[in-house]
Each structure stands twice: as C-alpha cells, then as structure tokens.
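Below are two complexes that have chain A in common, paired first with chain B and then with chain C.
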Partner chain A sequence: MSSIDITDVVSPRGAPQGSRTVLQRSMEFITRHRVAAVIALLVLLPWLVPYEALAVNILIFGLFAVGFNLLFGYTGLLSFGHAALFGSGSYGAGIAIVHFGWPWWLAIPAGVTLASLVGLVIGYLAIRSRGIYFSMVTLALAQCVYFAFYKAGRYTGGEDGLRGITVDVINVFGWRLDFLHPTTKYFVLLVFVAAALWFISRVLASPFGAVIEGIRENERRAAACGYDVAATKLIAFVISAAVCGLAGTLRALHLSTVPIESLHYLTSGHVVMMSLLGGMGTFFGPFVGAAFVLLIEEFATNFTKYWQLLVGLVFVVFVLFFPRGIWGSILHWLGRR
Partner chain B sequence: MSEINVILMQMVTGVSLGSLYVLLAIGLSLIFGMLTVVNFAHGAYFMVGAYAGVYTYTLTGNFWVSLVATPLVAGALGLLAARLLIRPLYGRGIDYPLLLTFGLSYVMIDTIRALFGIEGLPTSTPAALRGAVNIGIGHFPLYRLFLVAVTAAIVVVLWLFIEKTRYGLIIRAGVRNPEIVRVLGVDISRIWLLVFGLGCAIAGLSGALIAPIRAVTPEMGISVLVESFVVTVVGGMGSLPGAVTAGLLVGIVYSMTSLYAPDLAELSIFVLMAIVLLVRPQGFFGRAGLMA
Partner chain C sequence: MNSPILVAENIGVQFDAFTALKNVSVAFKARQLTAVIGPNGAGKSTFFNVVSGSLIPSTGRIRFNGQDITGAKQHEFARMGIAKSFQITNVFPQLTVGENVRLAAQMRRSRFGLLVPRQSMTDLIVLAESLLERVGLAKAFHLPARDLAHGQQRCLEIAMALACDPKLLLLDEPTAGMSPEETLDMMDLITRLAEERTVILVEHKMKLVMGICQRLIVLHHGELLAQGTPNDIRANYEVKRVYLGQKV
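The block that comes next holds the complex of A and B.
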C-alpha cells in the first residue's frame, strides 16, 4: 500500500520556487495546516450540501472514516469489524442517557470508553492472527458484538434499537443552546469532531505516527529496528476505536435512537468503502469519501431502489483503476507535475 | 426419548449443519491456498447458487438437474470474475482482491434483488427426500442425512482429485511455489482461474443444497460468510482436513449450545474462535507463520 502524504506534494528543499505552480503551493499550504483546512471546510459544509441532515451525516461518517483510516491507511490493517466500535460508542452513550439518566457531556466519554474497551478486546484477539486473518477475525468478532447487543434487549432494545435518547438543550456554562435546531446541532457536534481531528493529527505527527507507518511499509523491518509491533498495532487499534466510538456517540445524540444496524457488517463495509474511495492514508480522504458515498446514496435513491448496485460498481472500478481514491489521486497527480 | 438420545440426536443435527460449513470452508480455503485471495464474495456465490438451484428446480421440476446446473452457473460466474476482475490485481497486495470481492458481493446481492425481488423465493424439499428415517436413536429428517452424504462424497472426490490426479499435483505444487511451477512450463494463471471457478462452484452447490431447508433471500450469504470465516480461522487457512474438522466442530458446538442455552447459540461459535486464537492462533491445521 503506497502512502500519499506531504512528501508527495512538497518539492525537494532548495528547489527554485518558480518551478512550482500556484496550485502546488496552495496544496502545500493546505497540507501543512491540515486540521485547520478540514475544519474550515466543515464549517462551510451545511451551506454546500442540499440539507443539513446530510451535512451532519457527512460530519459523523467522516469522523468514523478518519478513525478507521488511522488503522487501514496508516497502519496497514484492514479491519472489517469497525461497526462494532462505532455501534458500541452509540450504545454506550445511549444507555448512559436512557438507563442511567446521565447528562450528555458524561454520556460522550461513556460511549468512547465502551468503544475503546471493545476495541481493546477485538484488537487483542485479532492481532494474534497475522496478515490476512486480520480482516476475517475482526469481521467475525464484530458479528459477535452484534449478537451480544441484539440479545441484551433489556438494555439495548434488541431488534428495535435503543430509543429515547433525548437531548434538547445543551447548557454550556449557563449558555443554553437549542440542540433540536439543525444548524446549532451541527456546530455543537463539529466542536467534538474538530477536537478529534486535532488529536489524530497530533498522533500522526508524533514518533508513534512514524512507527505505525513503518509497520505498514515493512513489518519485519520495524520489528528488527526494535519496535514492539504487536503492542504498537494494539495501541493504534484502541485509538482508532476511541475515535470511531466518538463518531458513534455523536450519531446517537444526533438521531436520538441507536438502530441495531449500526453494528451490522454493512456498516463496517460502508466505512471501508468511504476510506478507499476518499483515499486511504490521507488526512482529507476520509471526509471526501464519506461525502462521496453519502451523496451517491442520496441521489441514487431518488431514481432507483438498487443504489447498492451503483455503490458496489463504483467501488469495484476504484479498486481496479484508482486504488488511491479521489483525494489520493488528486495529490498524486499534483505531486507528479 | 432418554437424555443420552437427545444429546446424540443434537450431535447428528450438528454434523448436518457442520457439513454446510465444511463445503463453504473448503471453497474458501482452496481459493486462498492457491491465489492468496480471501473471497469476500463467497457468501454471495452461495446465495446466487441457492437462487440458481431454486430457479432451475422450479423450471425443470427435477431436483437433480438443478444440482448439476447450479455449480455450472456459479462456477462460470466465478471464472468470469476471476478473469475480468481479480486477474488484473495479481501482485498488487493481498488487500486489493479482498476489497474487490467485497464490492462484487454488493453488486451480486443487488442484482439478485433486481431480478428476483427483495422478498426471497419459496422453496420445497424434493418428494424423494421428504420425511424422516429411524437412525437407531430416533427419527431424523432424511434431507439432512442426504446433506451429510453429499458433503462426504464431495470431500472424498475433491481429495482424490487433489491427491491423485495430474491437475491435483499441479495445484499442490502451485500452492507450494508458483514460480517453479511456471518455470516448468505450466500456465499457472490458468490454473488459478480454474481453482477460483471451482471454489465458487462448490459455494454455489452448497447454496442449492441448503435452499430446501433455509430461507432463500438476497442477504442469506452474509451470515454464512461470517460463519465460514470462523470455520476457516479455527481449522487453519488453506487446509482441507482443517476445513472438515473445524466445519463439523463448529456445527456441533452450535447445535449443542442451542440445546442447553438457546440464547447463546449464535455467540458460541465466536467464543470457540476466540479460544482457538488465544491457544493456537494459526488454527488446528494451519502452519505457524504461513500468513506472516
């Protein structure tokens, strides 16, 4: 898996400024300030898409894909079980509010904690199996989580999903915000997404970020350099779980219900598609992919029942011809000129 | 019926359920052992096989004809996918064929929905195989015994094919070292295509075999895919004896748990997989470090 990162875009140090186009220089600027650039785009998003509910979905699934991409794009581990982490984030927050009457600001860490714990168990088991088994084991364990939540109907509502997660007013130090207002809700959720993006960017820029990319490129060599590959993978898995869990908690607050489908295999598949279509191993890619997939679904459902056929075909074409994804291909194309 | 007979009957039920897993895991293992491709569309081929079986059965009125036609249809579809979609990905990393077959399964499921509707098809057991027979410990459905017999026959034929024929020799050599096989003048990529087709044909046949006793819906392949992954992890990827042992074991564990704790039946096979991963990560018959 080849990575596309800043080095692909920046020309060698000392190269004459004139040899770069304006486009390339602006891309460099965006790449250097990647968190700010994504947040700036997300602030404008509600006015760029047809309606706000879609913007909220892009925000939430974009964050989900960012968390997934940390593992898939940067560490090189293809998990097919991330719905379990997303879903346990949702259920964790939902159960905290519905059954324990916790306030929303305590429910969010509760969801993230549950998702991280589930991630710790799945990650520990999945990392024991090497290489290609990883995708199969994560898928199987996620299915196990699905059944566990399905059967625990007393807490999770079983087949009907968990209902009644009502958060109508958000009180920030005496400043009351109407959470039912779509735009207000979007910006409240954006605060959490922005914090998570900053965190992920910090992780990627840290020595730890370099180690996970090293593992992706050559696992044996990373081990030979003295890095504990298994422990590093597990930490990456848990960080990924926490971020995906956060996306899940935000979705629970947004929908005020948790559908059981959040834990389904197809939800895991969804995030795989978003990451690959957007561009794995890139910082913007997951949001581009989430927006792309959700927009296809949005428009395809207007004229056909069989939108999955369309999404599947697009995905197959990308795997065959554009494995870098949309954003990755743009970066590659700019870097080559 | 005495307690011991109940347990024995449940064991037999487990074996008949396990025989389905055996068939699916064999196809999956065969494809992986040869091409190092994890076929995420395996469940979709199983589902297409079930539809093809029911369709040809209602069309011809002959169950046996449908059992011959189905593997041909599924195998042809498998060859097509291998030639057009998977071949261009040779040498591009192990994740790409996996992702591709995952996308392919979306396409196949929705195509079946478009052709046959989202409701699923009604099915019936062929007249000759209805009813139950006394197997000494109680009456057992004849069709389920038939399933076990067919699975055993397929396993034996496949084993003979791989161990005793020229083609089997090439396949075994190709698993060991494709480079050398190519140097010896064998067009290995053609063998890869055939093996992929064969794996899909077996998946399709198991779909047609299970159709009379399960709901035939476009989504029927999804849970089956997960279950066959569990079997493969438990048995060890790329191993025929592993697929057989693990398939039967998973079937028996499932049916024994549903006897004593019905609520935990679905979870039990995952617990089994977790234990195997903790104790023997490469599976019963897997070689350590094979997938490293």
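The block that comes next holds the complex of A and C.
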C-alpha cells in the first residue's frame, strides 16, 4: 500500500513550490482535474483501440475496477467476492427488462439497487472479520450468490445465462439514438460512467474519503479518533457495490445477455488483477489496469492458445517488480524526481 | 469545587487464569495532572486500556462526568471527549502530518456530506496548523507521517489527541523510546497541556512524573498500592519497598 493519489494530500496554502519539471506540473494538473482527464481519455478511446467492442469493455471493466478500488485501494479491504455485485447489477437490470418489461432507464437503477442490497448483506457479514478472513468470507458469500442465481433458472436462465435483453433504440427526451450502433452505444454508456466517476471522485475528496483512508492506514487509530470503523466500512462496501453494480447493468445493456460467468469467482479475480496492475489506491490506476489487462488478453488470444499463461506471467512480473502497479509506479517515479 | 471527571469503581480484569487488575477503585479530579505509576507488570497498561475504552473490564464500572460508560465502544469514548495516545506510536503513516491532524479534528463535525470537499472545511486545516505549531511540527505539515523521527511522531500523536478538543487526555508512556532532550520537551508540553485540561499519564519512570503531577496513583501486582500527592507517595513505605533500590 504505497501509492497515494497526489490529490489526497491536503494542502492549505498550495503545495510547497519548488523546482518542478513540466512533466510533474502537467501530472499535477491531471490529478487536480482527474475526472475531466479520465473522461477526455475515454472520449478518445474508441479510436485508440482496434475495435469498439473492446473500448466498451474497457469502459465497463474500468468502472468495475474503480468501484472495487474504493474498497481495496482506499479502505484497505480486499474483497474476493465483487463478481456477486457486478453480476447482481447485470441480472437486476436484465430481469427488469426481460421479465417485467421495464424501460432501460428504469432497469439501470433496478440493477444498481439489487447490487447495493447484495453488497449490504455481504458487507454486513464480512466486515466482522479482518484480513484474509474478510477475503474468504466475501468469496464464500459470492459463491452463495452464484448458486442462488444459477438455481433460479426461471428468472435468470441458469446455466445459459439471461437472454433477450433487447434495447435497440434509446429515447432521450424525444431524441432517438440507435443503441445498436457501436459508437452511439459507447457514448451512451460513457455518460453513466462519467457520472459515476464524478461521484467517486467527490466521495474520495470528501471527509468520508479521509476517514476510509484513515481506516486503511490504521484502524485502531481511526477508532481512537472517534470514527465508527464498522459503520464506515459498511458504507464504503455499499458505495463500492453500487458502482460495481452500475458497471454490471451497463454490461447487460451492452451484451444484451447476462452470462452466468459474470458471477463467477474468476470475475472477482479479474477485477483484483486489474486494480493491482493499474495501481490500487490511485484514481486512474483501475482504468489503466482494466485497459492493460483487456488489451493483453486481446493480444495474447490472437497470438497463442495458452494466452492465460502469458497473462499470468505479466501479473507475476508486476507483483514482484512493480508492486505499485502501472499508474502507481508512474506517480511514485514522478514524486521522487 | 473539583468533582471527579472519571471514576473507576472496583475494576477487575481477568485474562484466563491471570488476574491483571483486582478491585481497583480510583477517582480522577478534573483539571489535574494525574500519573499512574508502578513497576513492570503492575497492570498500568491494562488499567489504561480500560479507562481509554480499548478493553472492557471483567468487573467494575467506569463513570465519566457521572455517566456510566462501561462497555462503550472505542469510538464512543472518543466522541464523549476521551482522547488517548498509544504506548506504541500509532499514526496514519502514509498520510501527511497535516492530514493526520486534520482527520482527527474532523471528528468534531458530527455529520458531513459525502460530496463536500474536505478542503472546503478550512477551519479544520487552520486548526491542524495551529496544533502542529504547538507541538513544534509546523514545518512538517506536508511530509508523510512515516518520515518523522520517533519523538516527532509521538508529538504528532499528542496533536491528534488534542485535535478533537478532549475533556480528558490519556497518555500511555508518552516518553517511551525518547532521547533525554526529547523527554524534557515532552514533559514540558504535558505540563502546559495540563494547565487547561485533565490529563492522565501512565508512566514507568517515577522520577519523570514526580515533579510535574498533582496526584499519583501507584499500582502493584494489579492492585492499588497507594495514591496521593507526590509528597505523600515519596513518604510512603510500601511504595519505597516496591521500587526497592530506586531513589524515590
């Protein structure tokens, strides 16, 4: 846990002015306007990657990783069960559309609500334990969620996943958008991702953001300062669940189906890997990590059928030699100069 | 009129077969500097943990300003105005020194919005600056707390404890591991703090506290051995016997 976002450092009279390079100054500018910087990059993303479906995936998994990182990087809780929240978001939105015939704009809050409720239950039970036990409890409870959705085949489609989430036209105040067009779809989803990023950024900059960092740094001290550690952790867990759930709902709209794998523990592992590779406890890190992992997988699957071996190798190299992750290492390197 | 701010009644702490504290009853007067002393294993730290809220006693009650607070949680103790510093340095290592104190001071706000920037609470930042000035760390505001020397981290802890404007300040061996000069500075700081609020100090070295405290509590083998003014304690035969070989 050695990467800290520059913006988290409170400076009353501005940071001490020293001799700084143009690079450092522009990095400070980026971190100060971190939401705008991410959105600017995401607007360009469809033209930076080989094809648009990959851009949509980076968008969705980036948001998933940002939500996960709120708990992992900022609160210091390693959950191995975040697939349950991501998947609940997907299924919540999917079931609302397929079985209840709700419009897409109602399906999104439905998915987010379901994910938050699942997060409330998992969080409530898991925060009683610490460290590795916390991770194991989240993993076990997420498996329970997996089997519950697996068995409830009437609503979820069971093994085949939930199919038929068709949203082809999006009507925004009389303005009809063709949701089947990849670029249009990307930008519609981007609106939601941008809103969520703004929200997370505000939460991190708020006094609450300071408290969760305090808990990550030193739980006993935080309690001695008068903060209710258990309640704070639970709130952080639910906020994280809501954001990951939103990522899930967007994925359901994007794929038109919900594969049962979205609840699988490999999905939980995926998001841990993205956060670690990108740089946990930094605002940009999770997005960088999501893009990096998805691009590597894309490249490796074209290159060899043993692509997982390559991905695993990259992961091991990073954990051993760049434990701060890509973005965390960049920040650290710039901070030292 | 000086009524007790903190009352410990018949405190007993049992760890399996080991009795750490036996029937300790002490009343601490407001706006005084009281030192709890005793040889190693006397139960000082256990007593500290009980009155600071990290350990629930097996028997007995704790009253703070007349209110029974036995069994309250750690953060509830802090919210009631009981601040503490730990024996082993306990700060937020990766946050800046300024943010450490600002975060401790933020507790004064009972409610805060999720979407309000913390920088907008400028009064807390100004408060953090003035507290750091007071403990001699004003220049370290932007440094990560882990970069401070040991003695400075202890001073930072005091600033953090003061940040929530406690009615009662509990310090567990504040000079542990400090150099002689740092120790003198710390004692000086504690004396000044005690002029305006109630301070309870747990200390192993009797000599250090003799000159500055108004009252002494002596624990031995988990029991209350003696209490009184420094002069009373100096004259106490039992205390001399326990601290055998030490000049009292």
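What we mean here is this: the second predicted complex is superposed on the first by the 324 of 337 C-alpha atoms of A that agree within 3 Å, B and C clash if a C-alpha of one lies under 4 Å from a C-alpha of the other, contacts with A are read in each partner's own complex, and residues count from 1 in each chain.
Simple rule for what comes next: contacts are C-beta pairs under 8 Å (C-beta built on N, C-alpha and C of every residue); 3 or more make two chains touch, one makes a residue touch a chain.
From a predicted model like this one, the values you see are computed outputs, not experimental measurements.
When the shared chain is aligned, chain B comes close enough to touch A:Tyr265, but chain C does not. Once chain A of one complex is fitted onto chain A of the other, the partner contacts of A:Ser206 are limited to chain C, with no touch recorded for chain B.
Judged by the touch definition given at the top, the superposed model places A:Val319 against chain B, while chain C stays out of reach. When the two structures are aligned on the shared chain, A:Ala242 is found in touch with neither chain B nor chain C. In the superposition on chain A, contact of A:Ala223 is made with chain C only, not with chain B. Contact with chain B, but none with chain C, is seen for A:Tyr306 once the two complexes are overlaid on the shared chain. Of the two partner chains placed by superposition, only chain B is touched by A:Leu141; chain C is not. Of the two partner chains, chain B is the only one touched by A:Leu125; chain C is not. Counting contacts as defined above, chain A residues 1 meet chain B in one complex and chain C in the other. In the complex of the two chains, the chain B residues touching chain A come out as 32, 36, 38, 85, 88-89, 92-96, 98-100, 102-107, 109-111, 113-114, 222-223, 226, 229-230, 232-233, 237, 263-264, 266-267, 270-271, 273-274, 277-278, 281-282, 289, 291-292. If you check the complex, the residues on chain A that touch chain B are 1, 78, 80, 125, 128-133, 135-137, 139-141, 143-144, 147-148, 151, 265-266, 269, 272-273, 276, 305-306, 308-309, 311-313, 315-316, 319-320, 323. Those residues of chain C whose C-beta lies close enough to touch chain A in the complex are 52, 54, 73-75, 78-79, 83-84, 86, 90-96, 98-99, 102-104, 106-107, 109, 112-119, 121-122, 125-126, 129, 141-142, 160, 163-164. Interface residues of chain A, counted against chain C in their complex, comprise 1-2, 4, 8-12, 15-16, 199, 202-203, 205-211, 213-214, 217-218, 220-229.
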